[in-house]
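Each chain gets a letter, A, B, C and D, in the order it is written, and its residues are counted from 1.
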Amino acid sequence: MQLVAFQVVNGLVYGMLLFLLAAGLSLIFGLMRVLNLAHGSFYMLGAFIGLALVQATGNYWLAFFVAPLLVALLGAVFEILFLRPLYRREHGGHLDQMLLTVGFIFVFVDVVRSIWGGDVLGIPTPEALSGAVSIFGVFLPKYRLFIIVLGLALAATLWFFIEYSRLGAMLRAGVDDADMAEGLGINVSRMFTLTFALGVGLAALAGVSSGPMLGVHTGMDLEILIVTLIVVVVGGMGSLKGALIASILIGEADTFGKAYFPEATMFLTYLIMVGVLLFRPTGLFGIRQDA
Amino acid sequence: MSILRLVDLTKTFGSLLATDCVNLSIDAGERHVIIGPNGAGKTSLLNQISGQLRPTSGRILFKDVEIAGLAPERICKLGVGRTFQRNNLFNRLSVLDNVRLAVLARRGNPMNAFVPMARLAALESRSVEILELVGLGDRRAALVRTLSYGEQRQVEIAIALATEPDLLLLDEPTAGMSPAETGQMVSFVAALPRTLTILMIEHDMQVVFSLADRISVLHYGRLLATGAPAEISRNESVQEIYLGTAH
Amino acid sequence: MPERTDAAGLPATRIVTILRYAGVTLLAALALVPLGLGDYARSIVAEVLLFCIFAMSLDLLLGFTGLISFGHAAFFGIGAYTVAVLGAQFGLHPLLGALVALVVAAFAAAVIGFFCIRASGVYFIMLTLAFAQLLHSVAFKWRAVTGGSDGLILRSLESGVTTYYVIFVAFLGVYFGLRRLIAAPLGQVFIGIRENETRMRAAGYATARYKLLSFVIAGCLGALSGALFALLNGFVSPAVLFWTLSGEGLIMLILGGMGTLVGPIVGAAVFIGLKHTVSTYSDHWEFVVGAIFIACVLFFKQGIYGWCREILVRGPRS
Amino acid sequence: MRTYTHALWSLALVWAVAGSAGAADEIKIGLLYPTSGIYAAPAKQGIQGATLAFEEAGGQVAGRKIVTIVEDDEAKPEVALAKAKKLAESDRVNVLMGIIWSPNAMALRGYLSERKLPLVISEAAPRPITQELGTPYIFRTGFASGQLDYPFGQYACSKLGYKKIVVIAFDSIFGRELGDFIDAGCKQAGGAVVEKIYAPVETADFAPYFARIQQANPDAVWALWAGAAALRFLKQYDDFGMKQKYPLIGHGALTDEAVINAAGSVAQGVVSYYNWSPAIDTPENKRFVEAYRKRWGSEPGVYSAGGYRAASAILAAAKAVGGDVANTPKFLEALKAVRLDIPSPIRFDAHQQAVHSLYIRRVQPGPGGKLVNAVIGEVRGIEQYWPKGKPAK
């Protein structure tokens, strides 16, 4: 029983990390119809910028807040410079935008490697969260519990923001129908920039907060990208609820798979995805997609 | 003898009723026009008949065969051709290729992977025949995207005719046309053989009254009235909610 | 905007004649390569030719049918592994292995395609990617058959020159075969689906069936290129199934220009050429790939070939 | 017709360029390293180590200039093969060295024999290539898989007193093989591996496996992880309080200098083994470490030592044949006789595999507080391990 509880919690930790990434990717896609394949690269940038800030200031929490902001800023610039010129193209230029983000996967990883080298790096666990606690006989590192709390808090904040704020309402309108939103006088291009910045900022937050747990290295972008894409596809593109549920589902499946069917772990997530898409071609909570 | 029968046809989008229990029967050879204000569910109705939309409930009988919920290509093969409200063409292909693709589906072997299309003379002559019928014979080499809007509407009709339908669905064939083009379109449709049944949506009342054998009025998804043009123009509730607003 | 490939539709101008001459010269030169070039240069040309096949097969899917696959490496890998496994485990001659590879790939493409074609847009992209990654995992895990990460070594043909001519003939076959197919009704139906699927269905085409057919043909040709790769290289590892290969296929298409048959050939040649030169002189090969990709998407939408054609047809800035 | 003439001219030009060969009095050495991608850092170390050796020799042997050409094998066997062909046929190198990614060594084997081109492997460890699949053209100055692991299994059981061991390694042929060799070594010394866990190479989260370790309740855990995964493993092993309960021992990659620098205190106390450590306290090693530091301004790692060693072997053999490396049979003979002392002593066995010393190291703060792999034990003259028994001569 304790072992099962232990695995459930660990699955949740992984799931929450995936959620931070999936939420951003899903929002960006839902609103902008852009499949941002460089999402993992922003995750990596978050981790490396966070690491640089920790090394420069010695303060983890500064890095925790500032690195995502910097990456969000970078994302805004990225959206304005590279994605925006393409919306006018055929079918909104979405294929071109996706291909563009593929190009940036290569560019970002090379830039990061040039700056930080190819060595393995780590962010030390902040003092307050190092060590472990024992809950009902289950031994858990404090930092992992922090990741769970962080993920749930952000899920609640995002939900609240989307349901109740003005910006959130505009975002929902945009996800439902971009043409209509423009008709309602919403400044769609500013919305796009903000959403993209928010999305990649969340990815960067995932990067900097995974640092103390998973380390920082130049392969982390692709490691996380594929599984994030699977989560988003299973949950349904554009759905926050879908992203949350699918993140937990994939996180738990992966953890339990490793513990109990180690030979099949590599296939498990793919099988879930194929299975879900077989019955629901747009994911568990996906919006209809005509593009 | 009726060629198309709609029985209790209903389509909902969430809480919105696009088609509300519509019963309608159309005779072979009839020219039937559906009118109704914007958002009355006219195009939704057409889309259900031609298979782009799947009805929520009810039946669609074409030549006494149930076609509700069939795929568009199946329905097309059974003999229902259509045009779209907004031009829906192969914009980067030539006029000839647009029509030839439809001719190929009906008269050729689309699985042929060896003989160049240009060498299949029968397909080409048939396509040219249809293009000349709609008055685009000399525009066959032009790319569709370079055509005028009215010419593109003609390509729409040409493609629909090339599928050799028994029932032709026209979704606002004169929308966006100049008065002269509209006149041409009316005489063209009027000249189509009576072996072809036509169900069309139209806003322009002049067009409606010069073509229709019978008219149906849709309002918020419900069929308000069906009858000969004279009856419809006398119908009080129609005048109130439809003709009234049109004035 | 890539123009449609329709050999018959082009005006018989001087430009066409020039292009034809250039094409014939190129083919003649390619036929003579083994006589003049050394082993290494010849194997590079052979590599270019087989990646031309890969890029053309992807183009059939993406450029002609409008299906964006991000998992074409799956078929390349199926082809390569079929030849390698049959050769290494059963001693089958690689050329026979290549034939078997086509059958295996057709079957696999039918199954994978059946699942993928149900989905559209991004979901299609993701499913193709997922299937390719799944196969990558299989190649990694199924050590007894695939050799895992160590890969498989296979017997090559009697001589490098023979291998070259096998690849050259396959290239000719695929190029002229696809040219025929594109001009034929089936190819025109594919183009129709790319241009407007709704219209095609309303005109009576069961488009799902044709998309699946396109997927299967592209899969077979992709497998052919993979089989030739195994033949040329004498070695196969899970890298041939990795998603970066699918990405490189896309780069070749964008670089050369999709929706034409010459475009992928130009793209594959330039890409492979660049890869071999840049990686010798710089460790920033990834950056260069990314930058090319970005530049093509932003500025050269029609690709090198499309751009050249435009200049030839219209004259420079006329 | 003009078009044809032009095309033929350009074709002739291509022939001319491709056909040109290098000067005959140079010693051309091809370095095959994965200089891009995730192995870029080890590759850089290896190349720097080799370069240091070539520079110390004055860039020449017996008056012949040493020319090195570096190619990126991208840690992909297909690429390694293509690049080896390029180095052999286009650059016409006399000898190849390098290779970190094991499958690449296997992929080159047939081609090297066909081409009669010598290769000195600096790192890649696939065992068969110096055993049942040995060829006259392949030498290895690095270790073969099992070479260090089997004796370490014995050492852990007999000297460290760990009778019950759990193996946790990345899932690959190499990882599984090493697990088996540890097992065999343990058994030989009266212990046993009670559970073997093989997880994907890119494993991010090890927590699910910790439960299995707890269930097995071993005396120690032997781990094989490299690079980023090693860092994660060390961190998470410590986070979950596993290190206090089950002492961690492992392959040298687990406590590579780059890894322990990034990991910090969580790596402290881990016992590992390798054929080298920068902390080996001999004059030869100190000389190497000092020279490397001075030349490159950074600390040497195991790959630096590996590159230096492979390059030194080539230099020594080239010297023995008076620079005539183009005479392959003579050069191969000379290679077999090479013995090196810097940075640590090696010689080749009859199968062209280097005989190493095994260094048992513990991660602890060195002078200046920085963590180092301090040497706590040494076993000399370690020959490669033959799981199926050494063939009778």
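Following the convention adopted for this analysis, a contact is a pair of C-beta atoms (placed from the backbone, for glycine too) under 8 Å apart; a residue touches a chain by one contact, two chains touch by 3 or more.
Worth saying up front: this structure is predicted, and the values here are computed from it rather than measured.
S.K.: Could you run down the chains that neighbour chain B and chain D together?
M.R.: Chains in contact with chain B as well as chain D: C.
S.K.: Relative to chain B, which chain has the most distant C-alpha mean position?
M.R.: D
S.K.: Approximately how many whole Å separate the CA-defined centres of chain B and chain C?
M.R.: Between these chains, centre-to-centre, one finds 41 Å.
S.K.: How big is the gap, in whole Å, between where the Cα atoms of chain A centre and where those of chain D centre?
M.R.: Centres of chain A and chain D (C-alpha means) sit 36 Å apart.
S.K.: Determine the centre-to-centre distance between chain A and chain C, using the mean Cα coordinates as centres, and give it in whole Å.
M.R.: Taking the mean C-alpha position of each chain, the two centres sit 32 Å apart.
S.K.: Among all residues of chain D, which ones touch two or more of the remaining chains?
M.R.: 36, 40
S.K.: Counting only residues that touch at least two other chains, what does the list for chain C look like?
M.R.: 141, 284, 286 - these are the residues of chain C that touch more than one other chain.
S.K.: Note the residues in chain A that touch 2 or more other chains, in rising order.
M.R.: In chain A, the residues touching two or more other chains are 110, 266.
S.K.: I'd like to see which chains touch which, written out pair by pair.
M.R.: Once each pair is checked, the touching ones are A-C, A-D, B-C, C-D.
S.K.: Can you list the chain A residues touching chain C in their complex?
M.R.: Touching chain C: residues 29, 35, 82, 85-86, 89, 95-96, 98-100, 102-111, 114, 226, 229-230, 233, 237, 263, 266-267, 270, 273-274, 277-278, 281-283, 286, 289, 291 of chain A.
S.K.: Within their complex, state which residues of chain C touch chain A.
M.R.: Where chain C meets chain A, its residues are 68, 115, 118-123, 125-127, 129-131, 133-134, 137, 140-141, 243, 247, 250, 254, 284, 286-287, 289-294, 297-298, 301.
S.K.: What does chain C use to touch chain B in their complex?
M.R.: Within the complex, chain C touches chain B at residues 1, 4, 8-9, 180-181, 183-189, 191-192, 195-196, 198-207, 210, 213.
S.K.: Show me the residue ranges of chain D that touch chain A in the complex, using the header's touch definition.
M.R.: 36, 38-42, 44, 197-200, 202-205, 207-209, 211-212, 215, 227-228, 230-232, 235-236, 239-241, 258-259, 262-264
S.K.: Under the touch definition given earlier, write down the residues of chain B that touch chain C in their complex.
M.R.: Touch residues, chain B against chain C: 50-52, 71-74, 76-77, 81-82, 84, 88-94, 97, 100-102, 104-106, 108-118, 120, 159, 162-163.
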